[in-house]
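What follows is a pair of complexes built around subunit A, which joins subunit B in one and subunit C in the other.
Entry: the complex of A and B
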């Protein structure tokens, strides 16, 4: 095992040496180009492009959660709350759900005459982002005095609160209108309309693909910029040592809440997009499992590592939505076994996670800092921390 | 300080930049610091000494806002900071180091110092995303300054990019001082800066403290166990024992004080 690992490492170093220094950039450009061409290459009637739309949405979710968990080190197990709130933001602002209202802002075509609140798709995404950012900050407040596991418990509870709220929504009324559709969901959402693209439909899913593609690019841009900024450093400092960080002049409350808000905003926008894409905002979707699924992507890819998280999210969602149900599903049947692979989906998933965590605990593409911590940090300079009682004063010296 | 002429006092060379008035900290029933008053004159080097558990670090934590004092008042530069948050106090001009070094281990030496500059920087969320020219300029200036500060405390430039957790103990102490200096403090609090150093290193640090004070017009308040350092560098010394101030004065006065001798050696029977 160790020999194999050493051999692999050797190869990697050799490969890294032969590649020109600009290769990460070139790779990024190639990947973006591939991403742009993907719906042209693959048939949009197959499930593959549909999967990629979902996968990219999950990339956005995972990047958002990465801000909270990876950058700021706040273990958030209630991320589903922002998926839910983002989706509802879309349901409320882009359907006939609030049937007594007649609000139309920059909408196109027949939607302009329907009852309910109908906002332009882009406006809804922005509203969803702002709305969930506030929600994120509010959810963050009670965790400010907590650390580690306790944050996890509180956020988990918030995720559940939002889920129950979504389920009980039909009996909650504002102005005589139910707040959510519960398990029946909010349906009949407006198909987005973008100038130059036209009305989105389920028949041609390419516009959906490009929309989420652009959203992911924006998320990546924002995440990377913030990571390498004053704010990003403050998050890492807080993650490393809260007491030292506040003593160095980092405002604890504002910095932490900004992490929650930014992470939540990405989750909310992705949630709104997913709501629009699936055209049904159903309370049954907002399960705790979603939070874990996204967290698994972040950890698998590499906590705090932007590119790692992208890979982790693409990988897990492709396995979950495409590889297992579409490609590998009939294999057991072909082998004469009497079950489908989808029956084992969760087990396969768990097995893969365990495998990766054993072989590569730092994630697929670890963050630079953590990589250094895990490799170079060990054994090189063992700190000879002095014992607390190591005091160079002889009490007698005072008297002299 | 204020523009008005400082009130003349006989005992101190300058008016106090920091004065703690009857500061008390209770943890449940335990009184860790009991009505301690300390004046730190502007531009001086003042030491707080005392046996282990005397409440020195607790006192420091109250000065920097990490602990809220149970009663009493702390005035820095004419402003009551008793109830201010740690980051606000840092911004006002108080910086500190820790007894057990608390660097950000996953950050490089340079990044640690840049974080120390946080409160003097302006870039916020949107500034960072847009990365406007002024944000870039600020970032560049802070990086250069951080490198200068690291050189000033004696780090070699090839160490700037190393993870702080990989630096030697002595160098970590240097980085911690550089990080504190990065916030342009008026008052520097050093919590046992020579802990774990050999006599030679301690002597070097003593000289460095004087240099700091003279170069940067700093006021320094330090907790120290090494009597050679304390007697050599301090202009005034406050002695704490069991959370109470038992003596105060010049090194000579403190050395002769009967209660100090008792606190360190025990009462003669």
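Entry: the complex of A and C
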């Protein structure tokens, strides 16, 4: 096994040596070109493009969560809260939900005369980002001084509280209007309108694809630039050793809050986009399972590794939205077994989490720094050492 | 060397220790005051405004403490179940500092096993008292063994290989196992709540004390919990294995040097925690007379809140926390509406973690010292 691994490593080094030094950039350009051309191959309402739109949205979610979990090392089990808040931001600002208000900003066509708050799509995305960034900072405040696993529980609790509010929204009123649609949801959202593209519709889903594609590119750019900045290094320093980082002068409160805020902003924008795309914002979607789904993407790809997370998110969302329901689902039936594969979705992801953590904790494409950590075993305790190391000591033998 | 450096470490400036002491006391009593705010508010509300009820055959507003008493009785009986689950969290956290996320789902599997066992051995609505007296302890034993072994297996597969890894790694596998178990429950009993036969006629009145009715279900849950907790206290406090558990919780390396088999002790801890969750599962199935695959998720969070409230790592704390959270939950269920209960429970969890992470009785973990 080890020989095989060494052989593979040798080949990889050899291949990397033959490639020109600019190959990562060339690959990135190629991938972007491929991404741009992809929807042109398929029809305007193709199921595959629809899956890819969802997959790209999840890439954005996963990149946002990666800032919090991967860079700053704060395990967030309540990421669904930002998806919910972003979606509701879209529902509130881009539909007739608040029917008593008459606000129209830069909207086009008949939407301009409808009751409710109607903002331009781009404005809504920006508002959703700012709104969720604030929410992220608010969630960040109480978790700052807690230890790692307590952070996980507090964020989870926040996620559940947001879900309770989403479900009970119809009974909460602002100026006599219900806050959320509960399980029935907020429907009748405005179709986005962009100059030069026109009104988005469900009959031609290519504009949606290009919108989320551009959003993902922006997210990637911001994530990579921030990672390599002073702030990104501060996050990684805090993740590695909080006491040492703080004694080096890193402001704990501000650094952690910024991680939460940035991660939340990406989640909120992606959530607003998803709300616009599905045209229905219902509280039933904001389940704990969503947080785990996105976390599984980050962990599968490699905590902290930007490209790993992209690959992880694309893989898992394609498995979840295409492979399991459309391709693999009839297999148990063909084998004469009486269940749907979609029923197993939850445990497939659970199983994946366990498998990745036990067998390959660094993920598919590990972050360079974390790879070093895991192979050198920083943070190991004595407990980890096999008992044999001291059991095998002979009587009278000198122990170092 | 050690001796000389000691005084400077143990004697910080006097003003600082006084301040710390004040903070500790204020924190504990602040939390107690926060928890007492609920019953006192409802007590005053019941005595002044009253609550809708029946008197002399027609609807009216009643001004007495019966309603609050009922809330508290139901809260204690429900809290006894939470206490059993919370002990599992607290034991595991005490010994390996891991929030065993899958614990709530082990409890759910316990409920489902219990229902299967009792219908398997033919217990039903028509079973006589004698049949129940023989059959239910058997079902309880099976549940405890199944859940204990399940918990040990989870530890063996998911947590032990990661014992030296960063702290988040086992937490993530725990979440993974939680999802796997939920899926097992989903495939086993379907996606909606399943009613199970009401073996003990849980709504039958046992005794009525000045208007407060104590049902069979209340007696049942307390009657199962108290012996188990006493047994656990004896085991941890008085036996050799219990001492090994405490030693491992305090310092695994030193314990290993003293000849304690740390791996075995950790497995034993998971066995005990799982067994208590299994017992809680069976009692819950009889208490609520419904089961479903997501019951473990919410129960787990409530029980975790209870464990943190009492002070994680602290068995007494887990029991007291369970009873308190049970009372809060039943009161909110009855007066505000069950759909708001998660909001109050999780809000309380956040407040406790922020203001007093060591809980009511103080945590007993390595980090706390």
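One rule holds for everything that comes next: the second predicted complex is superposed on the first by the 344 of 400 C-alpha atoms of A that agree within 3 Å, B and C clash if a C-alpha of one lies under 4 Å from a C-alpha of the other, contacts with A are read in each partner's own complex, and residues count from 1 in each chain.
Note that in this section a residue touches a chain if its C-beta (ideal position, glycine included) is under 8 Å from a C-beta of that chain, and two chains touch if they have at least 3 such contacts.
Since we're looking at a predicted model, the values are computed, not measured.
*Asks:* Determine, under the contact definition given at the top, whether A:148 touches first (subunit B), second (subunit C), both, or neither.
*Replies:* After superposition on chain A, A:148 lies in contact with subunit C alone.
*Asks:* Look at A:249 in the shared chain and tell me whether it touches subunit B only, subunit C only, both, or neither; answer first, second, both or neither.
*Replies:* After superposition on chain A, A:249 lies in contact with subunit B alone.
*Asks:* Is A:172 in contact with subunit B, with subunit C, with both, or with neither (first, second, both, neither)?
*Replies:* It touches nothing on subunit B or subunit C.
*Asks:* For A:346 in the superposed arrangement: first (subunit B), second (subunit C), both or neither?
*Replies:* In the superposition, A:346 contacts subunit C only.
*Asks:* Pick one for A:295: touches subunit B only (first), subunit C only (second), both, or neither.
*Replies:* In the superposed model, A:295 contacts subunit C only, not subunit B.
*Asks:* Between subunit B and subunit C, whom does A:30 touch in the aligned arrangement: first, second, both, or neither?
*Replies:* After superposing on A, A:30 lies clear of both subunit B and subunit C.
*Asks:* Just to be sure I follow: which residues of subunit A are touched by subunit B in one complex and then by subunit C in the other one?
*Replies:* Common interface on subunit A, subunit B vs subunit C: 377, 380-381, 383-385.
*Asks:* Can you list the residues on subunit A that touch subunit C in the complex?
*Replies:* So the residues of subunit A touching subunit C come out as 73, 75, 77, 142, 146-150, 152-154, 156-158, 160-161, 163-165, 167-168, 288-289, 292, 295, 299, 339, 343-344, 346-347, 349-354, 357-358, 361, 377, 379-385, 387.
*Asks:* Residues of subunit C touching subunit A in their complex?
*Replies:* For this pair, the touching residues of subunit C are 97-99, 157-158, 161-173, 175-180, 182-184, 186-187, 252-253, 256, 262-263, 297, 301, 304, 308, 339-340, 342-343, 346-347, 349-350, 353-354, 357, 367.
*Asks:* Under the stated contact criterion, what part of subunit B meets subunit A in this complex?
*Replies:* 52, 64, 66, 85-87, 90-91, 95-96, 98, 100, 102-107, 111, 114-116, 118-119, 121, 123-125, 127-129, 131, 135, 139, 163, 165-169, 172, 179-180, 183, 194-197, 199, 202, 225-228, 254-255, 260-261, 264-265
*Asks:* Along subunit A, where are the residues that touch subunit B in the complex?
*Replies:* 221-222, 225-226, 229-234, 236-237, 240-241, 243-252, 258, 262, 369-370, 372-373, 376-377, 380-381, 383-386, 388-400
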